[in-house]
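Each chain carries a letter (A, B, C and D) given by its place in the written order, and its residues are counted from 1.
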Amino acid sequence: MAILINEETRVIVQGATGNQGKFHMLQMLAYGTQIVGGISPGKGGMKIENIPIYDTVLAAKEESEIDAACLFIPAPFAKDAAFEAIDAGIKLIIIITEHIPLNDGIDIIAFARQKGAKVLGPNTFGIVSSGKSKIGIPPNNFFIPGPIGVVARSGTLTYEIVGNLTDNKLGQSTVVGLGGDRVVGLSFVDVLEKFEADEDTEAIVLVGEIGGDQEESAANYIKNHMTKPVVAYIAGKSAPPGKRMGHAGAIIERGKGTYEGKVKALQMAGVSVANLPFEVPGLIRKVL
Amino acid sequence: MAILINEETRVIVQGATGNQGKFHMLQMLAYGTQIVGGISPGKGGMKIENIPIYDTVLAAKEESEIDAACLFIPAPFAKDAAFEAIDAGIKLIIIITEHIPLNDGIDIIAFARQKGAKVLGPNTFGIVSSGKSKIGIPPNNFFIPGPIGVVARSGTLTYEIVGNLTDNKLGQSTVVGLGGDRVVGLSFVDVLEKFEADEDTEAIVLVGEIGGDQEESAANYIKNHMTKPVVAYIAGKSAPPGKRMGHAGAIIERGKGTYEGKVKALQMAGVSVANLPFEVPGLIRKVL
Amino acid sequence: MKLFEYMGKEILSDYGVRVPRGKVASSPGEAVKIASYLDSPVVIKSQILSGKRGKGGGIAFPSSIVETENESARILGSIVQGFIVDKLLVEEKIQIDRELYLAITVDSTSGKPLILASLHGGVDIEEVPDDYLVRYYIDPLIGLKSYDAREIARKLGLKDNIAKEMISLLQVLYKIFREKDAELLEINPLVVSGDSLVAADAKITIDDEALFRHPELPYVEEKTNAEKRAHDAGLSYVRLEGDIAVMANGAGITMGTLDTLEYFNGRPANFMDAGGGTGMAGTVEAIKILLDSDSKVILINIFGGITRCDDVANALVKVKNEIGIPVPVVIRLVGTNEEIGLKILEDNGFTAYKTMHEAAAQAVAIANR
Amino acid sequence: MKLFEYMGKEILSDYGVRVPRGKVASSPGEAVKIASYLDSPVVIKSQILSGKRGKGGGIAFPSSIVETENESARILGSIVQGFIVDKLLVEEKIQIDRELYLAITVDSTSGKPLILASLHGGVDIEEVPDDYLVRYYIDPLIGLKSYDAREIARKLGLKDNIAKEMISLLQVLYKIFREKDAELLEINPLVVSGDSLVAADAKITIDDEALFRHPELPYVEEKTNAEKRAHDAGLSYVRLEGDIAVMANGAGITMGTLDTLEYFNGRPANFMDAGGGTGMAGTVEAIKILLDSDSKVILINIFGGITRCDDVANALVKVKNEIGIPVPVVIRLVGTNEEIGLKILEDNGFTAYKTMHEAAAQAVAIANR
């Protein structure tokens, strides 16, 4: 088991002939992901290492069922591509693209909700069910199968923590990136719910950051609904208010979304909060 | 029993202080309909015969549950009012208003589908569950309770036929007006399905007219899914092609929606089709 | 409201759709001027609210200025498909590599805008086999997005530049369709001309119910005088070919009344729906319009709901007293305020029937006398 | 991108929102000219990208032309809330019957546009008790309809003409919010002036990511030189106050690196996210920007995923060879092409750490030496 994706998940890559899209599509293929097609308007009919390229999502759908779409579409066109995938009935949309306008982001999320699709991102590294399937951009060699679920807002920090876990022989069931934008699809709560229900997950690492109130909601959920132990790390303790730290969401505004508030809420919910990323494996060992 | 509405259905009237709206709201009240409020922007706080008037649908909802909304809103503003009712979570919308622009009509229907609301109309006379509740404009004294379900596209013709039924002591469980516009909410099939499931309905009268393919779809549904007998009357036998007969939908275009096609389809489905409205009660007697 | 081809093309052009260069002319002189200005071979097209103008002699391809003048003179004032031609569209003759078909309309069954497209244009769309016709539904709350357009272009099998042209064109046409409240927007043929798509014809019908929000549109009067009078009075009137003038209250029951007449071998002279809440004044006007049709008998069929029987009776008496009613009137009058209405009729020498079929049979009997 | 008040008001005015008559001035002379033209008592408002200008002496209410000149001269060139004032907005003083608050923003939790409105405006919205604040969420795919506006006006308790004004205003403001890709549109105070609503202030922030589709908007540069250089190179840079220059690859890990420094009592000089796919050239530029900050030590923390370790090593060597690196560099380098990167570093006299906390501790040790 794993959450959201597994070895049977059929994936299309939108923007499959661009540099990034092509590179990562082949990386996913190498990881073992079931790539059933690439979408690239005007390039329909060509092949990339035996992966058929289609002009439209519906064209791909004529030849295969599709469970998930992974977007490497330049920001100005990402909304159209996301709508295309959602409208075609695809239920999991992973939007790697950064710098999507906020209005486009909220439209995508609203349309996805209307059609019952789940969205990771925008601005996510993707999702990995270790040893089974990877949709997104993390390097292939970081992940080992195991009982730890990881859910995070940002990429490299997650690799850092997953790397620490792997070095300590703590494998991961699924690693989920929610995305760094101010408005994203799935929330910590949505993913925690799935980890709680997943029989292969025994403990969860939550990698949060300053800004917004997702971590606070997660704390509330953990307190009231979770039986599995959760360890957290929150980035941005040292960030001054009013300064946006790279991510559109990572900003302390009007006293909201502070490090202290998040940590306090999590601790009150029984979550062990690591001071530094490298402390995470130790805390996990304690709660397992 | 009855379909769609009964004595417990709580109704608001949108456009309650206009001439038509006020008159028919009081008629409904007199019929026994549970009118919980009228909506009239800017008139919130006043009362009409003890019915409270509200500025907005949400204001009414703060004081009562609402099951259905009946619109007497002038055509240019009807879309906004219908959206308001649908957005407020009301699940049955009865749009009496005529002459609503087609684009507004299709938007209303699409929004209702998205939110899981049912729409009768635009341009419907409404719906009557005899002796229980009336939402719309038919005169109060035409209907008597009984085992006949009636579903129709147009108003006065329905009164004519219901009058004939009543004169022949054939009472009606529910009489439903779908609306005369080119695009309307519920279809014959939607309503037939409910009559088939309604234990108080023993036979159904379908009052159709030329144009569109609703009657053909109904015939198909009757053939494959209905056990109860259906009698039909179709108006417009004498109408020449290309001429719109009052209703926006009542037009034979490009050889489609003809009288002959509809009658043939219905007869193939085992429906008795009356040549003239006054023949309906006799045909019903035969199948009961 | 149907728009003339030249009006439709003006709208298309305003939105950036490619149409042949051209202008409208009301005289042979103007046509010649336009042809000279265009400085290219031209087409002359009669501007009438009907298709199939070619077969009716309403389109010409003059090969010289003299021929332009002669052909214009021939077509102007002539009758094409039953319409008198008073305007011509003179436009450049474009290179035609292929003729496509493209239309946007509303599908009643799904309640959605529907795109119809085919590589086989130029003919009546009814003649195109279903296999060659792409049908694509649009969610009206989302609109036609570029991915929809890409999918339509793909289904048509278009490639490269023509595919790109089609993708842009579809988005613009959908925008026009919605912004102008069109019921139908049809381009047939849509011409592949080199690397471009050109709208060689344009048939746009605007939703009558939405005209109030389009003061920017030209007004095209298609109604007869009687239809116009009826429309202004809130009535719905269609002229037919028989000799029994008919009025009823409601579209369905009016159709039913006509059907009943035909059932008894009568021939209705018109469809007249005197509506739900027409009132006295409207009913008076309705009866006056019926009188103008020179029928042998008038049949009034009222099942009063909103309509009050006394209003109808009073209207009839009023017309009788004001201008007289030279033909027999057969009335069926039941419903709201029935007794009062019947009393008024009786006092003024009219008799009324209880049922629709009795009244219809009587009207037919009088007409066939 | 924050817009100056006068720019915001220009947009509002373009959409038909009522704002006080006025113009922007860059000199006392211009201010006097505008005041004379307005021919009414005026307000002079410093144009800076910050609120609370009143407290900082950035707003004046001159009672004569001479005072207008003097006050303009005083404010221009002065420092208000940390900003040098180089522009004034001179506008008519309007009648103030009541001050409301109105804002549109995006709520991250629900992912929806959010209207905030209060009868208690004029103060910082944080000070308004929750009971006096109306919050109303909008479905972005449907937009703000007039019934939404009616509901907001009702919740505010507005009546009659002011309710009507509010209902129109809300629809226009939402249109602006979406069409201009605003992140925040705040009017505080929104003034009830007789029977009208007047936007007495305007705070509009445009979504940076959407600027590419708004060539019509003025450009307001708010970044420092270093921030601008970083932005142009695709980097994300924020100046902080410490003495340890930091670079990492990814927003989260960069924050984590700063936190780790502070954990060891170090003081980071900046936030520098050298991104995911920045490449050699971007990394070179990042290091150069770090060098310009006069820090005591540079900490580079790379966990290579998309980022290749050899690229980072090569970039460092390139900068060293080109312009020299006068301060110690502490590097942590793991991930993609790690061995190649480490070899390059070794060959050029750098040593690298395996873990982030070791590297951070070492950087702090050097800075605190």
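In this section, contacts are C-beta pairs under 8 Å (C-beta built on N, C-alpha and C of every residue); 3 or more make two chains touch, one makes a residue touch a chain.
Bear in mind that the values here come from a model prediction, so they are computed numbers and not experimental data.
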item: Shortest chain-hopping distance from chain A out to chain D; value: 1
item: Chain A and chain B: spacing of chain centres that average the CA atoms, whole Å; value: 48
item: Intercentroid distance (Cα basis), chain D paired with chain C, Å; value: 56
item: For chain D, residues contacting two or more additional chains; value: 139, 141-142
item: Sites on chain A at which at least two other chains make contact; value: 111, 114
item: Category of the chain touch graph - line, ring, star, complete, other; value: other
item: Inter-chain touch pairs (all); value: A-C, A-D, B-C, B-D, C-D
item: Residue ranges of chain B touching chain D (in the complex, touch as defined); value: 41-42, 44, 55-59, 80-81, 83-84, 87, 111
item: Contacting residues of chain C [partner chain D, same complex]; value: 141-142
item: Touching residues on chain C, where the partner in the complex is chain A; value: 139, 142, 145-147, 150-151, 154, 160, 163-164
item: For the chain B and chain C complex, residues of the former touching the latter; value: 20, 75-76, 98-107, 109-111, 114, 125, 137-139, 142, 152-160, 163, 180, 182-184, 207, 209-210, 212-214, 217, 233, 235-240, 243-250, 254-255, 275-278
item: Chain B-touching residues of chain C, taken from the complex the two chains share; value: 106, 108-109, 111-113, 126, 139-141, 178, 181, 183, 207, 209-210, 212-213, 236, 238, 240, 248-256, 258-263, 268, 271, 273, 276-277, 303-307, 334-336, 355-357
